[in-house]
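Below you'll find the structures, each written out as structure tokens.
Paired with chain B in one complex and with chain C in the other, chain A is shared by the two complexes that follow.
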Partner chain A sequence: MAIHNTPFTLVAIGLLIYALAYWGYSRAIDRKIWQPDPARPTPAHMYTDGVEFFPVGRYVLYGFQFNSIAALGPILGPGIALIFGWLPAFLWIIFAALLIGWVQDYSALFLSVRNEGKSFGPLAYELIGPTARKLLLGFLLFYFLLINAAFIFVVAVVIDVFPSSFWSLLFLVVAAFITGHLVFNVRMNILAVTALAIALLVVGIVVGTLFAWPPPGSLTLGGKPGSPYTLWLVPVVIILLLGSLLPLPRLITPMNYIAYYPVIVAIIALTVGALASPLTGIELAVPAFKGFEGTFGSGPLWPALFVAIACGAISGWHSLISTGISSRQLDVETDARPVGAGAMLTENTVGLTALAAWVVLAPERVSPVIFPQGATKLVAPIAGGEAAAPFISTFFSIYMVFMAITILTILGRYWRVVMAEVFSGTSLSILGNKYVASVLGFVLPIAFVLTGSWINIWLYFGGTNQLLAGFALTIVAVYLLQQRKSASYSLIPGIFMMITTLAAIAYQVYVFTVATSQAMLLHPTQNILKEAAGIGAVQAVNGFSVVVGVIMFILGIAMFALLLKALSRAKAAAVKPAQ
Partner chain B sequence: MSEKRSGVFGKLRDAVKQVTYGMALHSQVTGVLKTRMYIEHLFTLMILGDMLGLPILPPYYSLRLLPYTIPSIKSWKHRFYRERDFTDIIYG
Partner chain C sequence: MSSAGEKFRIGSQGRTLKEKLRDLFFGMFYYGMHQQIMHTAQKYRDIVYVLIMGEALGMPILGNYYTLRLIPYIVGDFIKIKELVAREVDVLELMHEGHAVH
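On to the complex of A and B.
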């Protein structure tokens, strides 16, 4: 067997490039541009309050940053990118890892550290102007809607094909309630509670796999497994609403804690599985290159590829974490590189190992359910073989479900606070109500889910996510120019990401517009909606996506224009460099 | 965290322990601290309500409880006066 035709080669080359990015390029930027000074007090020391501002060691903060930025993005994006073959996906992941991804996370972190630990909103206000903050607020509102849509879609179809994962999810929820009670009310030892919670999770996986009820697709309208038109959406939305509405220590805090353990095991298993592929005989099943054209839904390689792989390459979500939390807990400035760049390069590794799981299968149609199947094929030979395969596929399906659910519950809470901010004091203040906003946050995304087209929803989500990253990179460039420092390392990727993502959003608006105006089905599953409520309902669902896309595009263009103005102002500004 | 260990393996063990804590628990701890912060804000408001023109508690009880509030007044003032934004509240 040729070693170059195995996932090993992808992962090994990728890890070498990541090492180069961390010990070469990021170190050079760190020394030349930001020049960290270990003696300069950070916001964690200047404003210590023991709640938001307090110094934390670099290893703790690295772990926290990685855990906060890790979600479904790096796992699912490579699957869509395979429309163009594995080579473009691989090249974009390593190119972004080297020159763009860590640049955003690290620079946003440093920007906030040098600006009293301010978060993204105040930074946009200060460096660009008041309109920028308002635009950002509107942008985030729709951004969360799209993340929710993309992740709910994935959870629905994965549970539909692997019903065992629902029972495991239910065990997770029950374990979270028990853990929360034992830790916060009974004050039991955390190690004993952790052991109990993990035992419950293992029982959940075993019971889910052996129980395997109902059969795949039996709760799907139309009866075809893997469709988002599934009744599984109902219990999933109920769990999400509970997470969004209950106090944090009751469900979200313990649930995120317990979910960490299977997630970390999955990441390690995938990495080992990929590196062991020359021994296990697992080969690449996807062609290296399939062409530039893509499909009607995806559009051509540019811009689709660059928004398809989100967090595994670059993600705007990370800048919110870097500026909102990590910058306030950085002990010394020299920790910014291991925390910001180190965590992002670890996330890139997750994207790379996920790509390794996707490329070992060659399905006819791209779907989120291919990932657990590919991961099982990659890992089963080193973890018990055929006998263990059903348990491993349940494990990887819950890996996806847990990754989505834990972030969705946090986003649900965030969404309702942003809704309250937007609508309080207006005639629509009811929309800011805790219960109304929570329901809207999880029910509105179902309108996207009913398009049935995962690729389009994902590319919408990726477009807005990467556009936010473009904003962050350019805001960093504005600050650096004000300080009379070289900004090209951040400005060039920032401009590239903004142009690319705006083009991607525009293309998706075009796709949805064509589907709406020509009464076209975006996906065969929309036949179910057509038969139930007529073609008008299909057009309404697709038309809703057009409206959201147009709003996102307008907000993006307006922000782009403001950033360009701010850049020209910054070039003309005469600010002395920070001492 | 516990005392730092010396030697390569000791340092490695420390690092793994801290990364594990950071990944598994730090965000949960931050979330719990924030919940406590909001409750403390409420407590401070109850005790100092008189000064703000909000007679929430009779002054007798406010004065009896004042010593419990004094230690956290400085950080409360800092948090209270700091500009808050929608991008500040990702974890509660």
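On to the complex of A and C.
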């Protein structure tokens, strides 16, 4: 067997490039541009309050930063990128890892450290202007809507194909309630509680696998497994509403805590599985290159590829994490590189190993359910073989469902907070109400889910996520120019990301517009909606996506214009460099 | 807070491989929950401070008998309390109550 035709090659080359990014490029930027001074007090020391601001050790903060940024994005993106073959997906992941991904996380972190630990909103307000902050809030509302849609879609189809994952999910919810009670009310030792919670999860996986009822597709409208038109959405939305409305320590905090254990196990298993592929005989099943054109839904390689793989390459969300928490807890400035760049490169590794799971299968149609199947094929030979395959398959499906559900419950709260902020004091203040906002946060995304088109929803989401990254990179460049420092390492990726993502959003608006105006089905599953409510309902669903896309595009263009103005102002400004 | 920090080794700068791994796993698994507990506790403390010292913090809550009895216990931390309660919180900062979004 040719070793170059195995996932091993992808992961091994990727890891070498990541090492180069960390010990080469990031070190050079660190020394030349930001010039960290271990003697300069960080916000953690300047404003110590024991809650927001306090010094945290380098390895603790690195672990926390990785925990904060590792999620479902890097897992799902590579699947869509395979429309163009595995080589473009691989090249984009390593190219972004080398030149863009860590640049954003690390620079946003340092920007905040040098600005009193301010978060992204106040930084945008200060460096760009008040309109920028308002645009950012509006942008975030739609961003949440799209993430919710993308992840609800994942949960619906994965549970539909792997009903075992639903029963395991119930075990997680029960384990979370028990853990929350034992930790916060009984104040039991965390290690004992953790052992109990993990035991419950293992029981959940075993019970789920053995009690895989009802058969796949039983609750799907139309009876075809893997469709988002499924009744599983009802219990899922109930769980999401519970998570969104209950106090944090009751469900979300313990659920996040427990769900993270399977995540780490999955990451390790995928990495080992990929590195062992020359021994296990698992080969690449996807062609290296399929062409630049893509499909009508995805559009051409540029810009689709660059938004399809989002968080495994670069993610705008990370700038919110870097500027809000980590920057306030950085002990010394020299820790910024291991925390910001180190955690992002670890996330890039997750993206790479996820790609390894996707490329070992060659499905006819892109769907989130391919990932658990590919991961099982990759990992089963080193973890018990055929006998263990059903359990491994359940494990990877619940891994996806757990990640999506924990994220969705948090997003429900974020959405509510931003809705309250945006609509408070207006005639529409009812939209900021806790219950109204929570229900809207999970019902509106269903409209996207009903498009039935995973690719289009994901590319919309990826576009907004990457656009946020473009904003962050350019805001960093504005600051560096104000300080009379070289900003090209941040500005060039920032401009590239903004142009690319705006083009991607515009293309998706075009796709939805064509589907709406020509009364076209975006995906065969929309036949169910057509038969139930007529073509008008299909047009309404697709039209809703057009409206959201147009708003996102306008907000993005407005922010882009503001950033360009701020850049020219910053170039003209004469500010003494920070000491 | 310092005692909690020492107990959980939050400020630890691991030197040996064992210490580094311990810090890493602490940060990866426990630190997020620890931080949320700290924030939740602070929210409750803020409410108590506002009820006791609301007027001094600029909120129109008149002092009463119990307030006057409690003031000696917290007056030493007044400046710190004022900073915590009166701090302007951006809406984006409220979005950290959980781990990754994607």
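Here, the second predicted complex is superposed on the first by the 579 of 579 C-alpha atoms of A that agree within 3 Å, B and C clash if a C-alpha of one lies under 4 Å from a C-alpha of the other, contacts with A are read in each partner's own complex, and residues count from 1 in each chain.
Heads up, the rule we're going with is that contacts are C-beta pairs under 8 Å (C-beta built on N, C-alpha and C of every residue); 3 or more make two chains touch, one makes a residue touch a chain.
Quick caveat, the model's predicted, so the values are computed rather than measured.
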Three-chain arrangement built on chain A, chain B and chain C clash or fit: clash
Touched partner set for A:549, first chain B, second chain C, both or neither: neither
More chain A residues in contact [chain B versus chain C]: C
Partner chain in contact with A:340 - chain B first, chain C second, else both or neither: neither
Partner chain(s) touched by A:493 [first = chain B, second = chain C, both, neither]: neither
Touching partner for A:325 - first (chain B), second (chain C), both, neither: both
First (chain B), second (chain C), both or neither touched by A:406: second
Partner chain in contact with A:73 - chain B first, chain C second, else both or neither: second
Partner chain(s) touched by A:55 [first = chain B, second = chain C, both, neither]: second
Those residues of chain A which chain B touches in one complex and chain C touches in the other: 49-51, 56-57, 59-68, 119-122, 136-137, 140, 184, 248-249, 252-254, 256-257, 260-261, 264, 320-321, 324-325, 410, 413-414, 417-418, 421
Residues of chain A that touch chain B when the two form their complex: 47-52, 56-57, 59-68, 119-122, 133, 136-137, 140, 184, 247-249, 252-254, 256-257, 260-261, 264, 320-321, 323-325, 410, 413-414, 417-418, 421
Interfacial residue positions of chain B with respect to chain A in the complex: 1, 14-15, 18-28, 30-37, 75, 78-79, 82-83, 85-92
In the complex, chain A residues that touch chain C: 49-51, 54-73, 119-122, 136-137, 140, 147, 151, 183-184, 190, 248-249, 252-254, 256-257, 260-261, 264, 310-311, 315, 317, 320-321, 324-325, 331, 406-407, 409-411, 413-414, 417-418, 421, 465
Complex contact set, residues of chain C against chain A: 1-2, 4-5, 9-14, 20, 23-33, 35-40, 42, 80, 83-84, 90-102
